[in-house]
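Some notes on the structure that comes next.
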Amino acid sequence: MNHPENISSSQRDQLHIHTDVILDKVVAAWIELQTKQPLVHCITNSVAANYAANVLLAAGASPAMIDNPFEAESFASIAAALSINLGTPTTEQMQAMRISAQTVTEKGTPWVLDPVGYGPFLKWRSEMADQLLLLNPTVIRGNASEISALAGNQVESKGVDSTVSSNEVYLQALPLLAHCECVAISGESDFLLSKELNAVIQVNGGSFLQPKVTATGCALGALIAAYCAVATPTIATISAHIHFAIAGKLAFERSQNVGHFNVAFLDEIYAMTADKLLEYADIEVLSL
Amino acid sequence: MNHPENISSSQRDQLHIHTDVILDKVVAAWIELQTKQPLVHCITNSVAANYAANVLLAAGASPAMIDNPFEAESFASIAAALSINLGTPTTEQMQAMRISAQTVTEKGTPWVLDPVGYGPFLKWRSEMADQLLLLNPTVIRGNASEISALAGNQVESKGVDSTVSSNEVYLQALPLLAHCECVAISGESDFLLSKELNAVIQVNGGSFLQPKVTATGCALGALIAAYCAVATPTIATISAHIHFAIAGKLAFERSQNVGHFNVAFLDEIYAMTADKLLEYADIEVLSL
Amino acid sequence: MNHPENISSSQRDQLHIHTDVILDKVVAAWIELQTKQPLVHCITNSVAANYAANVLLAAGASPAMIDNPFEAESFASIAAALSINLGTPTTEQMQAMRISAQTVTEKGTPWVLDPVGYGPFLKWRSEMADQLLLLNPTVIRGNASEISALAGNQVESKGVDSTVSSNEVYLQALPLLAHCECVAISGESDFLLSKELNAVIQVNGGSFLQPKVTATGCALGALIAAYCAVATPTIATISAHIHFAIAGKLAFERSQNVGHFNVAFLDEIYAMTADKLLEYADIEVLSL
């Protein structure tokens, strides 16, 4: 396993080429998202429902929050992607999650698992996350505490916020690639582990205000699902994180306070362009 | 059935008179709404709950989101109007809907049905919408796909967003007037079928950004209910749509991006005046 | 019982000293909140979930909306404070409320009860509020109608909005001090009954637009809980109300319309400083 500091200059060149190729694919994914406006089936929490729907609409997708078990199968069967978020589960939502995940797995539709709050003090959802893991989600995303705990590590957690840094724990998430195509760990920088590239993609940007706005991580999970409908899991995950990071960076330039920052953030999600993606994307490819 | 293009000039004059009379009644309804601040019982979805409450408060009404079956009867019995929205139903909400609808029907309190997502892939709610239809809601509102499907037509739907245009399908909604006083189909222009006027009222205005903000349709349904507490079903439905269309138009003049547009939209809902209603209302009365 | 108008000048001096001492403690509580970022367990309604989380984050706390009965005990046992809000209860939430309240009571963790809509037309939640009262919440907060009714008075209510003024009914809330340390009645001025000080603290400020934004009261209840994790119940309740009142006053100076006011309000919650607390706090201590 090479750490970025230890790789040779020829490896660096190779990874640098990767970056350009990746960004071209990210732009293509963003264009596809605008063109196809894929239907994204979201089962999410009461805090994120409105916000995630607005982020998906602003980004170009067509979200539908269908979280009852009686319509889960038929709706998951027509969705272009599924996003499952364990933030504030109810018994009916839990049933809907299981049914929807099984449905999309059988159909080959991509889906994202966001194990919000995974850890020893929230066992009900954690057990559900463990079960959903066995259905092989396309992408798993969470903060550093959640992902590290889901991968089997002992982590101190503080409710639904992370107590560890993404750059410290991302290698702990490696075992999860046995269950999915991509693992995304959000934090000051985001770290995305890709089976396809056999690499870690570090995404920089965003703003320190982002964790001060609730449900941004939940919305990011839903956005990954949206991109999964128009790109490979790895490109989808990178695209969603870059889309978020640029919007966060540009929103912060416009407003340095949470209320207005959040309004500007939605603006910038909507106002994305291919040029902005190429100009502001700040990623590094680290070999695994 | 006359199409607008086919009506005679004397008919046109008659309809033009209608418009002025209607607008005077719309202004009176808006004033009544500010004065009476009617209590509106809302059973709505998790995406719309906060937004619809804020729209109703800004518009002058007093919303209460009471969606459990154990308080549904007693609360519906004191409400001035009821709004039922099928966006993200739970079993308990479904029970509350049935009880509340029966209660207001017996008391003669006006109520609005918004059959979100009605169609073959969301059968649970669609069956409930069919049952609620038999209780004769005062007003039915939805997008073109939902209303056309509820009226018994085969419609392709895409989750909760419409795939057909309001101006193409509004005549398909005619059979629904057997069950209600007014049918409202929202879209680029809104089309309102009125039993009282035996006419279709076309409401222009708004902004193309409105469908990019989630739950605007749901909030509109709740606002129709609020106006129903202070005006006839037809005037209430027209008033709510004009209120929305003007707020959307003025908000778009202030901001052309979704985040700030939505903030400005709430501002403009609140900043409505009788003068603005008369100056900016853009409606046409089409004979049925 | 002395009414403010009837107290002697020596009493006035004594109360004036109180004010300075109180404000110093409020500043200390605010600093502690920023430093400790306490984990606040919230069981709240579908209208308030997103908003209350954003207010807590902006204020410095770490909110977690955990409202299922299966995780209520383990999560309440690690939280620094608990906030229970009866806005839109479900059967599962009701179970979670009971379990969480029992857990924190046993552990001595502070908790806040917000009996939204308490009254004869909403019996299910009112009975739960009565039961939770017997577990002795640390702080009870609500609008004038709710608090007066909870204290056993006959009050006309209008859904979840108050029909009586806080300054008219606050003395009716006195019997509730048998069950808690502090009772907070919000209104044009807020009145806080404190067992510790044997006094009523009147908090002025805010803006007439605040009741035009939904869930502000619910968010205030959650903020009291957050402050309870870092101060005595009385100082916590005063601190939360002052924090809100100053943010409301400064937000209104920036925007006089609901949409932008609400965005500015979140800004001002986040932009609080010790200097602003001392400069803008407007409280009076009235003897009981």
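All chains are identified by letter, namely A, B and C, in their written order; residue positions are counted from 1 within each chain.
Everything below uses one rule, namely that contacts are C-beta pairs under 8 Å (C-beta built on N, C-alpha and C of every residue); 3 or more make two chains touch, one makes a residue touch a chain.
The shown structure was predicted, so the numbers you read here are calculated from the model rather than taken from an experiment.
Of all residue numbers seen at the chain A-chain B contact, under half occur in both copies; the interface is built from largely non-matching residues.
Chain B maps onto chain C through a rotation of 120 degrees [Cα fit, steps of 5, range 0 to 180]. Remark: chain A and chain B have CA centroids separated by 35 Å (rounded to whole angstrom). The set of chain C residues that touch two or more partner chains comprises 46, 49-50, 90, 262-263. Of all residues in chain A, those touching chain B in their complex are 39, 41, 46, 49-50, 53-54, 57-58, 62-68, 70-71, 74-75, 77-79, 90, 92, 262-267, 269-271. Contacts from chain C toward chain B in the complex involve residues 45-51, 87-91, 117, 120-125, 158-161, 211-215, 257-260, 262-263.
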